[in-house]
């Protein structure tokens, strides 16, 4: 049986960030296991925003955590680029959302107000401006706005990254700094013991002192065996991508963004479709319509690819960080927005895993909140 | 690089890169452009290298051309029509040259 | 609309995608048996790859292209006479397993529906990378052949041919007949046939006529005095902005040919895009090294209302493709209760006999021309993904970082994300992973295929015409 100090199950955005943090903190032998499951792959299928905009509407703790993550990205991003030698196409140059009608605007105005007040109570500043059509158009001088756009919101310190390059950079740095990555093995079972835990995959068995379960939706089954019910449910997002265009959209918007390569990404639908990662022509139709409504020039762009992905999301949107009852050496990290949170998943979270002392700021982001 | 095997009876006139050209009727745009003696139909957006139709059956997308103001058309799958305006896509880094 | 069993109740009985020999013969038979058929194909005329443009080609070209080509005439004539609903110039970009089809024609996207779907989208030439394969002047041999059929165009410079398989030699013969200046033929196939192919020789001898055809091709090449090398390795092309010379190794000797054009052909593989996108199960052929949809003798795939016919089902060639189309038609007609099972089996008998006769030399040819890929010989700077300009070296790096799934390589590096959506590089990436890691291709798997199967403007999807 092979031995490791810590085994991270899941090599997606959450697992890779945490594993990277663990080797940086010199946590001993770290092993990361990943089986590329056909459907459980949101780390390879997301929009790539690094933002706190609108996060934590239900939960002030999460709102502050997300805010902090983006502050940390300012250092985490460039450091990762330097360590990996991979350009991440990362910038904290703002994220916006256009409004197509007064109702949309009213909802956002109210939510922004709420988040600003929450931030003030918690001692930080939630940065978001509500702009009129002219002001909003100034953000995007090279693209003409559609007639219906009445304005928008904009936060200048949110940002974006190429999430796929980020994933590769985290894994590569992890390996360079001594981490072991085993791809293509699927974890079948976690067998807890007094001082050691056994991890059985379809091929091997491993023994370790600590386990981190960061396997997205795959975590549910693994923890079920241990009597833990994870409060995760699937929420599908469909995205479409166009051919490359000359640079014209300098900041990402919630509905469309231009990537570093020049392609436009359009998304993201939010649907309850179980674990089906298919795409529907209906969703493509409505997303294309919306994109053209925003920017009429997009009518001429070619649609080249689309995909669906299943968000790893909890009932209240906030992530889960905890150890499982009776086993304080089995850690669980699951939740949405693992791109935005990567900076903290590779700093504060690994420190907690090593020391066993859960930081105050995430005290409430545990499993217990779902059982009251 | 290519020429007609025999003189064609029916022709149509296309505007290729701004110049009128007589080409055989009924052929694909890619074939018509190659028949005018052009060696490449586009440059790679990424590397800037010249590229030319490769498969001629709709698989490789090397034959992308601007046809009647629509960019990135798969020219081996489109038939020439009288008066068609065709531009080769000579671009670098996403900018028109 | 769907009935209580989830079966589509509007639209056609059968939608046939692809108007090559398989699709056309299938549509002809279905129409004969009284079924409502719609045929969709992205080309402007029926005929598929082999009988491309057969209704319009000049008699001079018809002569050059020979009997195998003109054999398509009666099939197309019957199709025109039968006149089923036919959408030429229609690119299918999504097929749902419930029988709904989305396609683009003349700049408009529409939805169509049918109870049964026959995917007869044929095969494509196997993409094989080598240094310089993206230079203008390098073209697939099939592409050069299309230029004859569709444009009446012949190369007017110095030509070299490289690769393997009967179609490479056939193209050489056409070019000789048209008076083209061929400087060399470079075959990767060894001079002495491999043992595994010889096992199949006795069966192949049952079709001496076909074997003789092959021999006469070789004689013609010899008579023309063209240098013909066998068992070459390390093919490459050099040139500034276009082909200037072609290079290879034979044993330790280097071959250098000054040429303006290189036509390459490395065999053909089923075009599985639609099968994959709908969700059909696939199997792997270890001799010819390609994936093909799992199906029974009627062509019924793992989805009971979706059929595979022709070379897309398995590469057998044009005549067998048409026969397979007929078998598929019989199965659908029986499912639709137009004929009973006994009638189906009775009619199938003679088709199956013909098919068997046609397929006699197949195993021999497949083994003789088994692809020799040697991808690990390909230098690091060589492009693998032509669209996104991703090199061999970059792909090897991510494999070494732990990417053992082609979809993961695609995600992290972008090969397969350009306009062709991995149709060119997808199979190569799987082969590279397999060679680098020692894993079998079956474990490595293949790229996921998602809609749209063809690039379409956003305006089209925004204004798509759904069925009422």
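Lettered A, B and C in written order, each chain numbered from 1.
Note that contacts are C-beta pairs under 8 Å (C-beta built on N, C-alpha and C of every residue); 3 or more make two chains touch, one makes a residue touch a chain.
Quick caveat, the model's predicted, so the values are computed rather than measured.
Here the chain at the heart of the shown protein, by mean C-alpha position, is C. Looking at which of A-C and A-B shares more C-beta pairs in contact, the answer is the pair A-C. The centroid of the Cα atoms in chain B and the matching centroid in chain C are 23 Å apart. A separation of 40 Å divides the Cα centre of chain A from that of chain C. Each chain gets a centre from the mean of its Cα atoms; for chain A and chain B, those two points are 43 Å apart. Residues of chain C in contact with two or more other chains: 418-419, 455, 457.
Under the contact definition stated at the top, the residues of chain B that touch 2 or more other chains are 70, 72. Multi-chain contact residues of chain A, defined as those touching 2 or more other chains: 243, 300, 302.
Residues of chain C touching chain A in their complex: 94, 102, 111, 398, 401-405, 407-408, 411-414, 417-419, 421, 448, 450-452, 455-459, 461-462, 464, 466.
On the chain B side of its complex with chain A, the touching residues are 45, 70-72, 94-96. The touching residues of chain B, when paired with chain C in their complex, are 1-6, 8, 24, 26-28, 31-32, 34-35, 39-40, 44, 46-47, 49-62, 64, 70, 72, 74, 76-77, 79.
Against chain B, in their complex, chain C makes its touches with residues 42-44, 49, 53, 56, 58, 60-61, 89, 91, 124-125, 127, 134-140, 142-144, 146-148, 150-157, 178, 241-242, 260-261, 271, 386-389, 418-420, 423-424, 454-455, 457. Against chain B, in their complex, chain A makes its touches with residues 243-247, 262, 300, 302.
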